[in-house]
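As structure tokens, the structure follows; a few thoughts come after it.
Naming follows writing order (A, B and C), and every chain is counted from residue 1.
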Amino acid sequence: MKRLKAMARAYREYWRINLLTTLEYRENFLMWFAFTIVYHATALAALWVVLTKFPSMNGWTFRDMAFLYGLWMLAHAVNNTFFSEVGSIPEHVHEGQFDRLLVRPLDTLFQLIATPGQIFPDELILAVAYFAVATWYSGVHVGALFVIFVPLITLGGALIDLGINLIVGTLAFWFVRVDALQWIVTQLEQEFTRYPVSIYSRSVRLLLTFAFPFAFMNYFPATFFLNKPENALALPPAVGLLTPLIGLAFVSVAYAFWRFGLNRYQGVGH
Amino acid sequence: MAIIETADLRKVFRSVKRRPGLGGAIAALFSREYEEKAAVDGITMSLEAGELVGYLGPNGAGKSTTIKMLTGILVPTSGSISVAGLVPHRQRLENAQNIGVVFGQRSQLYWDLPLRESFALLRSIYDVPRERFRENLDHFVEILALDEFMDTPVRQLSLGERMRGDFAAAMLHDPKIVYLDEPTIGLDVVAKEAIREFITQLNRERGTTIILTTHDLADIERLARRVILIDDGTIIFDGPISRLREEYGTHRTLVITLADSYEDVQIEGADVESREGNVVRLRFDRRRTSAEVLIRRALERYALSDIAIVEPDINSIVGRIYREGYTESAIGSPS
Amino acid sequence: MSVVLSRPRFRLEPYVEFAKVAMAREATYRFDVFTNIASVLVRVYILRTVWVALYAHNPAPSELPLHAIITYSTVAMLMSLVMDIDQTRILHDSLHDGSIVLDFTKPMRVPLYFIANGTGEVLFHAVLMIPALGLALFFVHIDVPSFGTLLVFLVSFLLGYGVGFCINFILNCTAFWTLEITAVQFIVTWITDLVGGELVPLVLFPAALQNVLVVLPFAAMFSTPLLIYVGHIPPAQYAGALGLQAFWLIALGAVSVVMWRLGVRRLVSQGG
């Protein structure tokens, strides 16, 4: 317990230093902030251009899609800001840096996440700001349910994102290089969450709901809040509120896989 | 005819003067102040073909700057420079054909490729006739014992193996001049000796002119006949290594082991350098006092169980020059 | 004083070797090859699904019928196998770790070394387009233009590739000034993909925007060859389209040469 408290204190300190460093290396920060903005802006711009020419995608308008994107962006930003160390698992595996984490009496993954490197909080700030605008723009009713569930859904979505990254990172125990795969998975995640899942064939919809639950990151919650007449699998609309639970379930599966990989790593003796 | 010749070679670096604080940073956006530093400040040297020269100096003295100008990578600010009749920075490609380079800290081999293929690629770059290439390769593979790992990717080689590979790579095209920068750094004793032997052989059998830059003075002692010392951008010594010893190696150390316990040890003509228990080291200027006289005085005063005379090694000589600087008159006073 | 390369007889052989070595090196990354192709295929699928859904619920635009736009997107994704590579990353890396100094001690023209290396990498990925296309045909139908159009498309593709190469080279040259611009490179890539017509055909953009974007070098990279392929640019306009591409290639090529010279001058006067 004492160790946890110490780690919590260290974690807080990390963030304090992080923010201070961000302010000090302003030009660097601005460059990466621009990076984040352009990343999202080009995605939205492409959507806008297309939906200007084709106003409806399976009944979804650009306003709907803007909201859809915002939900995903929030979850993704939370994951990138707080769980980003998971992305460097392959690096740790190959440099053999797990040894010093393994000898400590705390969960390895927890330690990994609790010691972030240099993170700029720009994406999170941007995501919150964008989401506020998108919510207003799409005309979603902001009631009690919205206020209570959106943070939970964001967290659930972040856990789904974390789960995906964890699974891919765990592959580093078996494969020498997974950075190409990491990059592609990120790309694909963005592409699949950009459009309403209802456009895909049934098998893909099932895949995106039950296997890699991207659909729960933003699609199902969006169908609920936007009062869409039906969702991709004709499930009750409230299913969109289940995202936090789905997130927990998925990340548990990912965690189990991670432990399997870690045990093998210890056993094999790299 | 000298193969390497420089006259009053100078290299001045201009850097932006940094002003402190945020105000200074903003001011720097509008007006820039420069400060100039002469890394090489008038170097005149002349090397004959076939010489093996040690090029020494403390860090920041201008050694690597000189080497960069000789290899054509850096453009001098003023002065003349000629390597095998070419001006390196003006005739880079032709000069490159004449030279070989071994930089201890960085390999010129291709990281992902097996050693054999690195060599093949270099053959192509240097346009070495296939017969000559085969001859050279077989020769170097044998004397450097490269056979075992010819098919291993360079990134998997140990430091010693990679260094040997680098030496072969530098020589495959029969360069007239070879620049060695820290060639034995990080190697174990056995590997160092092997490399030194190889260098000596190169110089002796092929008449390759060799410029050796190193901080490992044992390398110098073993290999170089001539030493050029540079400090603060200028040459402070240029001559045979024996003269270096003569002029600067004026001090020797008498090491005596006392057979009894004595509180205070003093011998006329020498200064106590250090004392550890019964072992006392005394430093003396051999021009003023002879070893024989000192030993007699020591025997007269103390009961001794062991005596030794330690010659100044290049390390301590050069170290002193770095610390105390060069003066024309003999280095007299003990520090 | 600029570094003047001397004039010994030029030999192509070492540069061909560099390209071969680079190709072989790319081939060893088997996992990357697999994931690259898989990612292209998934994106082809997604785009096809998106276009089908859009065309089903909305009036089809006259400029591009459904089959044409699916062809467009598929070919665009195949092109990205080649266009998305950071071909002259080696320039940035060797400046970063200082190994460029060693490159200059060798009797080779250093920029050609980098170009040869990048070309080798790209050639390998170009070959990958064939299996990728073969697999894509399992779930997507693309139009095949006439042989003549195909030839013009290939020429246009090469010109567009050249434009992209120059942009990439210019960005990597900033490493001479020890600028760390990885973020900027990504930004340029995303903007290029958008306004170059890779993601969305430029003909679907609002008219005012189209007129501006069409003349930019980014359009030369994707939009021009793709629109030639799907027949939106008719033979009568080939000369104009290719001419514009050639213009950008020459202009950016000149900028690249200048950047390189300035960079080397800084290197040989400031030291590494």
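We take it that contacts are C-beta pairs under 8 Å (C-beta built on N, C-alpha and C of every residue); 3 or more make two chains touch, one makes a residue touch a chain.
Model, not experiment: these values are computed from the prediction.
Asks: Could you tell me which shape the graph of touching chains takes: line, ring, star, complete or other?
Replies: line
Asks: Closest chain to the protein's overall Cα mean, using per-chain Cα means, please.
Replies: C
Asks: Suppose each chain is reduced to the average of its Cα coordinates; what separation in Å results between chain B and chain C?
Replies: Chain centroid spacing, chain B to chain C, equals 47 Å.
Asks: Report the inter-chain centroid distance for chain A and chain B in whole angstrom, where each centroid is the mean of the CA atoms.
Replies: 55
Asks: Could you tell me the distance, in whole angstrom, between the mean C-alpha positions of chain A and chain C?
Replies: Whole-Å distance between the two chain centres: 30.
Asks: For chain B, which residues count as touching chain C in their complex?
Replies: 13, 65, 68, 71-75, 89-94, 96-97, 99, 101, 103, 106, 108, 110, 112-113, 117, 120-121, 124-127
Asks: Report the residues of chain A in contact with chain C in the complex, numbered from low to high.
Replies: The touching residues are 28, 31-32, 34-35, 38-39, 42, 45-46, 49-50, 52-59, 175-178, 180-181, 184, 187-188, 191-192, 195, 199-201.
Asks: In their shared complex, at which residues does chain C touch chain B?
Replies: Against chain B, chain C makes touches at 1, 3-6, 8, 11, 13-14, 17-18, 21, 25, 28, 98-99, 101-102, 104-109, 267-272.
Asks: Which residues, counting only chain C, touch chain A once they are in their complex?
Replies: Listed in rising order, the residues of chain C that touch chain A are 29, 31-32, 35-36, 38-39, 42-43, 46, 49-50, 52-55, 57-58, 61, 180-181, 183-184, 186-187, 190-191, 193-194, 199-200, 204-206.
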